[in-house]
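Please go over the structures that come below.
Next, two complexes with chain A in common: one pairs it with chain B, the other with chain C.
Moving on to the complex of A and B:
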């Protein structure tokens, strides 16, 4: 009970912290919307040439674009969030202080990142999706149950995204300068989440592998849950996400134990 | 406040000094980057790979279709290459000018004002990131491939048009970077707005104009003149009609448009710098 209250408080402060920067949020909404328009037009051209490409019709493909823009900041598909901050604390040794505290390191960062994501999904996600829905013919479902399942899928997407970024950040314990790793993490996330193109459009075996990787749980699966196009149904999609979330969080936990045992904090 | 009223005779000298000072600071950052060669090589590779993703997406698109908006893969690659190299050059030379907002917030802008070097030179050279060559190399490779595949008749005039297009494009994107920086003197936290015009602009120009709505094409021709970076001259080189049906002479107007942009940008930058109020509340 105490643990729950504590983590809720951490999440709330994460929410408040990002909610402070209103101008930056508005600027982000503007940029997401502009990118949404650019991508939407290229998708219209692509689906005009090949209707039903990747199993989507044109309005489903456009919905995919705008869901991507809505989730870009929330699910940290381009990296960022707690990742830079945590990495900086590992680099300069402040993480030693974090380890003294009577709270769990991984849960602490997870809670704060969930708070950030909650704000960014509301502050930076809703407006671009609304603009997209006004400007284009989107395939948005009317059933509240589908939206509820979508919300759950988005929440799981944030958890999987967190677990991935936590693993990358932890590598900072061994590599003093993890900027290269951060770049790699962003690269993998952008490409294999479906942000550039839906993974269902990727050809052949490459596409099949891409759809099994954890990054597909951060955008491809939530989009398919909303569109009702996940093979095997939405429940299978949610189970896929939950499975990756558990595996990656456990891996993060194991790596964290190894890191704190073996590595001498820099400066000490 | 730092510039005061420019005296006609001193303007040219100031400009030369500004460029020289920029060169000094850049050389310093390059030297410090080269102290960590392995790290630099990794960052260059990362930059190359990240910027290559956009083209990977285009290649995946063309694995499913033969044409996009009526343009073939080599034609789209030509647009991609020219947009990417022009943007890469401006990003390398002026990309760090987007840090104005951060400097205003943390108060380090004041330091720049006290030094006898134009503020823009200092800002643009600060943290000069040589790894941004990655985008230029990547764009040049795609452009080279496109030129080989397109089988165009490369007369000297056409070669000149290609070079003037890339250089003017770099100047136009450079103006967007500096305008974005100047804008942050007024709206400090809104630095992300300029991403829509810089990164958004280069993504837009990678695709043929026929893909986009006419209003959008009009907007990037007459309001933010990004169409002059590559669309108009490239359509001429590819032997395509432009969707707006503009007079053909405009295909050669990129250098003039770039100069006009520089003049406007200079005025806005000065206005922004004068509007600067130090933090310290």
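Moving on to the complex of A and C:
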């Protein structure tokens, strides 16, 4: 109970911290909307040439685009979020302060990143999706149950995305300069989440593997849950996400133990 | 497990060795052992306020990191409040407070009040206790008008006072202060020092203070522990430092006219002359009385004054020796 209250307070503080920067949020909404339009017209051209590419019709494909824009900041599909801050704290030694707190490092950052995500989904996600829905013919479901399952899928997507970024960020304890690793993390996320093209588009073994990797839990699966196109049904999609979340969080925990045990906290 | 009496912090033969790998050729790397802390022993009683000093790289921070449980000692034993810091870090951190002059425990984008709310949840501080502690800090550190200001808008002195408050809300038994007055102006320094004196006197909080500002130590601590190159070079009263550090007092002598450097006064030597004024150095442990009477007998004295050794000089000499 206490732990729940603490983590809720941490998440709330994460929410508030991002809510302070209103101009940045407005700029983000603008960027996402522009990016959405560019991708939308690219997809229209593609689907015009190859209808039912990846098993989607054109309005499903466009829905995929705008769901991607709505989740881009929230699920940190192009990096950002807690990762930059955590990495900076490792590099300059401020992480020592985090270790002086009577709380678990991973849980702390997870709670604060969930708070950030909640703000960015509302502040940067809803508006682009609404613009997309007004400008294009999207395949949005009418059933509240589908939306509820979609919300759960989005929450799991944020957890999986956090768990992945936590693993990358922890490598900073050994590397100190993790800029290259961050770039790799962003690139992998951008492609294997389905942000550039739905993963269902890719044929053969490559497509199979891409759809099984954890990144697909951060966009491909939530989009399929909303569209009702996940093979094996939405429940299977949610279970896939939950599975990856558990595996990756456990890996993060193991790496965290190794990092705090072996590695010197920088600076005086 | 008693920690009420006896040694509250007990450090014995504490050692920390780092392995540093250096490039020594195109592909070759050599590992060298660096003894950051090399067999230090000292102990603090409950309620003591002790200065922990040493030059940069002496091993102060490494020692503090071991005392707070974020580094494992290579060798030696270590107890804080009856607990092995590394083995039981999460239990110990509830009983310690840490303040870094150069880092902040506050959240940059949040007002102080919100940061304190998070601290309350983290340490599970009962509401009444929390309100009481916060009210005391707010009054003594004059934080009243600042509680709703985001931390990023605070001045350094204001932020420092905010940080000290954050470290004390959970009633820690031990407070580690690392350069708490660095970069502060005279007024802010005085305010922080007054607060620390009151804290130590009223609540009996044990304080270990690391600083390069020796006037902090002179205002706050009777006892100092000095380390250099990872070894303990002094542990005792601040006043005793002068003898160990071969401190010298200076007698400034004004003569009637310009004369050659004064000679033939046992135990004293002339270190400087400037017109009719001369400076004579003699050991801090010796009495000035016989010197003065002999000077008055042998030389045409107009005036004289006595200068005590600056603690900075004493410590600088200890490091050099």
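We adopt the following convention: the second predicted complex is superposed on the first by the 267 of 268 C-alpha atoms of A that agree within 3 Å, B and C clash if a C-alpha of one lies under 4 Å from a C-alpha of the other, contacts with A are read in each partner's own complex, and residues count from 1 in each chain.
Note that in this section a residue touches a chain if its C-beta (ideal position, glycine included) is under 8 Å from a C-beta of that chain, and two chains touch if they have at least 3 such contacts.
Please read all numbers here as calculations on a predicted model, not as lab measurements.
Touched residues of chain A, counted separately for chain B and chain C, are more numerous for B.
Using the contact criterion defined above for the overlaid structures, shared-chain residue A:257 touches neither chain B nor chain C, since it reaches no partner. In the superposition on chain A, contact is made by A:41 with chain B only, not with chain C.
Residue contacts after overlaying the shared chain place A:9 against chain C, while chain B stays out of touching range. Once chain A of one complex is fitted onto chain A of the other, the partner contacts of A:196 are limited to chain B, with no touch recorded for chain C. Once the two complexes are laid over each other on the shared chain, residue contacts for A:180 go to chain B alone; chain C is not touched.
Overlap of the chain B and chain C interfaces on chain A comprises residues 21.
Of all residues in chain A, those touching chain C in their complex are 2, 5-6, 9-10, 13, 16-17, 20-21, 93-94, 96-97, 99-103, 260-261, 264-265, 267-268.
On the chain B side of its complex with chain A, the touching residues are 36, 39, 42-43, 46-47, 49-50, 53-54, 56-57, 60-61, 63-69, 187-193, 195-196, 200, 203-204, 207, 210-213, 216. Chain A meets chain B in the complex at residues 21-24, 26-28, 30-31, 34-35, 37-38, 41-42, 44-46, 49-50, 53, 177, 179-180, 183-184, 186-187, 190-191, 196-197, 201-203.
The touching residues of chain C, when paired with chain A in their complex, are 18, 56, 60-61, 65, 68, 70-72, 89-90, 93-94, 96, 98, 100, 102-105, 107, 109-110, 114, 117-118, 121-124, 150, 178.
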